[in-house]
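Please find the structures below.
Shared between the two complexes below is chain A, which pairs with chain B and chain C, respectively.
What follows is the complex of A and B.
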């Protein structure tokens, strides 16, 4: 009898740890609601939630780009520089509204393609030259940032095509104070697509397997090199796409943009429950992570915290959130194994990505 | 670890030296041939002085990297400790006391990093990235984002001594013909020498390699891995504050942003020196020459009048080239050990 209750409580605990990111999110919301209530303000209004979600869109895209790579046990530090380099090189084609200029999808395709090409370089450096991902993407980060500065100098590309800007700023539908924006829809589609890729396709399974044990994956016939190269191509291409959205929102492209992006992306992915060791995590957690981070930024602004102190709070939060989450992930993995052992009738073990 | 032990028996050979020495010699030779005014006594002295900050940082970084971690907070700690020292000086505190306060702050911050990594089990990359934000924020808040100067006082003679030259030889009347050795370079050599001595002659080195190679095995072998890791992070924090002292004396003021980006240069220097990021492999000499290689490249490009954006690309290329060189050397080594 006691065995059954312990299994039940373990099941309960597992459900709790499965949604660890959601728990953190709820805690963050509650904290800012309470802190604002002390000043007599209301924090969790519909309009503010829609602002937070809209802000989190960019973070989600780079978070997904980073999460894909972290799932294979790697890292991509070139995200911010690739955003700057690709948009600065071909962003001029997006300026102005003259009717005879090329359709804005053409330069967008070129920019994402260029990002994928840099991703190919990353992948080749890592798999063929056996460079650690940190160093390889670090080198491309340096090189891309330098080329961006070289291409544009201290100038800024501004006054972008208004059709293109709609992608970053457009509003599709207003439901009272809550407005559904184009970036939200793009991010939702992206998450659906990535989730399908990771959990329902062969390639996704290979990503998880390569990340959790590269040697075993290779010996069981998975072309790990090809998987890793593809993941870097996808990730860096996504980074270039994120650069486009970023520029569309700010109405400008500049060589110095998004220097912190790779680290923000790592933060978002790790708070979202992706294990840094690779092979474990759910892509929807990234959405949770990015909403948490943008809620914290938004909340600190609502409490008018000085910008120097915001870096301090952010730094501390990264450390504590990741520590907390790593702890929960470990508990979750142990519980999952125990539950599997105690339930012999379940023939199918859950895949590493299922949560 | 086993590779270095095996090498000792083979006696002195070229393969004993870290690869970055060859990279350094190559770059140095090319710069001397192609860049006018590079191989002049004055420029070489400037080069040494410029590189000494990065050398100190990269030594601390290599220690942590060999143990399988990384310390991205070094730049932030440099700014923070520099600001604290400068504030102490501007309040009229004695120089030596101010320096001690700065070093203590660096050490304490390093301990904090070690605590995050060992006790809270946060991956080193994330933990030190977070604490980089914390340190930068402290530097900005304390200094109000302004450059800090201090009045001439009773302590200025000590500062003058620290900033002065030990040796000065004039080969000619122009500034480029004067060879000088500043006290800061001597200080760097002494500190680096001490650390390398400790690393080679005490258990510090072998424990560091053991922890980096396999922490679990090291723990089972009776090494107090958590304490040693804490110590390593503390040393790296103190190295950052020592580098802050160098910056402070060289510029005679302190900006809260002076450490920005230096941690990445230190990583590049350490990696060029053959320190593998997965831990358990590397050398401190290598890191010193890695730092020198970087500064030869930067210095010669500046003398040629090439702007900093190109320098960034070239540094990326040097990093890739150095890594290829390291990989080739490792393959050569493996092939030879298979034969014997």
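What follows is the complex of A and C.
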């Protein structure tokens, strides 16, 4: 094998592993397109793509919330119940359209703030009481769900403020059958912001370093406790924000909402290429992960797959995602190393997709 | 003429982008210690990995007692009597000595383990090389040195004919090294052929029969130890003449940057010392004398009971590496892989991690500045890498250590605590590191250097504290210090002296 072709094929392979999530997405699209074609339907319409992207927005937000924590080597199981608890507690302030009521941004700020406060509790349990993240957030998961039920019982908060609902349902622009919705804009801005935070700030660097080797991080003078606490504050605050968007779309808040959210968030983050061991992954992958999961849900619905079976499929998908993801991360690192070795000079520009 | 025990014949091996071995021919006779020296990345480990079956050669062949070895794998190499003794031990701390020695080739009596027989044989093996350890002791209760002896015994239990020692003395004290050499001599008598890899050149003359120098994947020379000299070996390794490894320019002493006042904790007691601007202060002593523990407590990694850590005269709050780091202290830990690097991140991100606030005071990364800063230290330290984007996971041990060093140099601390700064580092890089240390103190930094390598301590330090039994046994100026004085203090018993009511030595 001559050196040139092998470098070329490696470069190609690296691009494949860099954008593996996109390739999986394409495969999933093709699968449902073919399956629907058998019934004489057309799956990949512009309007359906728009629907899928809109549905994936919520998943992306909780996926980002989860990914932030996973990058530090942690886990956040409290995501779903924080959504329920915070919105149920203060959601009444978002009901109706009376002119004398406070601006809808005020309750939103309170709810996100409450989420951050719970995140602070998560962070303190993990860093100061040295509880494993799984246990600490498991506990807050139960506590928050319990408080949500205590606060509202079997009632539901509905008929929400229409300005507020616009955040979850509004359409900014129609391009033919494709609608650009407000959630899409919000998610895009969130990803831009998170990506900047992770790759272009000192804080982001510390997140990756802490996740990659917490001992070395401490020895390097990184305030690891503070980094971890902040990450849980952001993650859990983001969960509360996701709860708001969720409620805005459904026009209701209820204590039993989003019980699957933390697990869906893990699925999305892992499919998106975030290493469960921490310290490795690109936040844009989460977008891919959530679009893949949304497409599979949407596609199964288009084929009228029973919901029990859908749950089973998701289980299989998680197993596949984690195994495949670990394999790809290893491959990607090795390819990157080999390419580094054959790089002609030291001033190589970072390849796309590098964290 | 009988065939040598083992022969590498015209071996070549390439990895993507690197020619690791190029036409290397080396042989090993029965009953000899064949030393292999060379810088990190010279190809020593690759050669040994061909022997252990971890790699296969691209070209050339391996002959065992004159017969070519067609195929090799870790299992085959074990069966034909090749054993490896690595720096990192491969024993199970929770098992007994006998269990460890017979792990994987246990003696059975029906379906059950024949524990008594294994213990009896272990005892005989231990006795045959003169190690006084009970077969029933749990391995974790043994010193590192004794654990290594058990590793050797394990190799003997499998009737190893060839033993490879890879840096066996890097974590041993002088007394333990003497013990190891006694055992190696005993093995030589038994006709075992041994490859011995070490960066400690003094040892070669003590234990070796022949020495092979490797550089850039090629064999430079093989000579009998009796017919060579230290200078010639060093030149051969470096490929150039190294005049003086230790660079020290006299520099002006300034204020006291860092001090410990009566620090007491786990294994150390009443430790007081000072480091002034412009000086390198060595801390010598045997392994286990509490040197590293003092440093770790001072940097806030471990807790201490009483006493103070003073930075520029002000007490440093305890138990927080972050405040120590912010106060301008840098700590280069002994175990760099575990405590120094984030292996999934590139050289660039590892290097800047402790300097982020300084490089980017507004919290937002300035890429061009960062890249330039990293590149400067990669060049200064001669970190061999094609790009600063290379993941540290894929660097060789010595290169990894340099990255950790670069991290602290970039942090611009004023006091550096080095715990074994050149352990496992090749000669060429060593002298780089020494001249960097020299430059640091000339620019007004203070260095506290913990080291087990006496020549290094003597060559680099302006003052030397010698620790023994967790206490400072004495302090020597550069003029007073010599091998003899340091060793005498290291073996002294300051505890007895302190309890006997004699005045404090400090």
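Quick note on the criterion: the second predicted complex is superposed on the first by the 345 of 355 C-alpha atoms of A that agree within 3 Å, B and C clash if a C-alpha of one lies under 4 Å from a C-alpha of the other, contacts with A are read in each partner's own complex, and residues count from 1 in each chain.
One rule holds in what follows: a contact is a pair of C-beta atoms (placed from the backbone, for glycine too) under 8 Å apart; a residue touches a chain by one contact, two chains touch by 3 or more.
Quick caveat, the model's predicted, so the values are computed rather than measured.
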Practice item. Using the overlay on chain A, decide if chain B and chain C clash or can fit next to each other. Key: fit
**Study point:** Partner chain(s) touched by A:203 [first = chain B, second = chain C, both, neither]
**Key:** second
Review point. Of the two partner chains, chain B (first) and chain C (second), which one does A:38 touch, if any: first, second, both, or neither?
Key: neither
Check your understanding: If you stack the two complexes on chain A, which partner ends up touching A:221: first (chain B), second (chain C), both, or neither?
Key -> second
Check your understanding: Between chain B (first) and chain C (second), which does A:175 come into contact with in this model arrangement: first, second, both, or neither?
Key -> neither
Check your understanding: After superposition on the shared chain, which partner residues are touched by A:333: those of chain B (first), chain C (second), both, or neither?
Key -> second
Check your understanding: Once the shared chain is lined up, is A:147 touching chain B (first), chain C (second), both, or neither of them?
Key -> first
**Study point:** First (chain B), second (chain C), both or neither touched by A:316
**Key:** first
Practice item. Could you say whether A:130 touches chain B, chain C, both of them, or neither, answering first, second, both or neither? Key: first
**Study point:** Minimum Cα separation, chain C to chain B, after superposition on A (Å)
**Key:** 6
Practice item. Quick one: which bits of chain A touch chain B in the complex? Just the residue numbers, please. Key: 75, 125, 129-132, 134-136, 138-143, 145-150, 263, 266-267, 270, 276, 306, 308-312, 314-320, 322-323, 326-327
Practice item. Report the residues of chain B in contact with chain A in the complex, numbered from low to high. Key: 116, 120-123, 125-127, 129-134, 136-138, 140-141, 145, 264, 267-268, 271, 276-278, 307-317, 319-320, 323-324, 327
Point to revise | chain A partner contacts - residues on chain C that touch it in the complex | key: 15-18, 301, 321-322, 324-326, 331, 333, 338-345, 349-350, 352-354, 356-357, 360, 363-365, 375, 378, 385-391, 393-394, 407, 411
Exercise for review: Name, in rising order, each residue of chain A that touches chain C in their complex.
Suggested key: 6, 199-203, 205-206, 208-209, 212-213, 215-223, 275, 279-280, 333, 336-338, 340-343, 345-346, 348, 350, 354
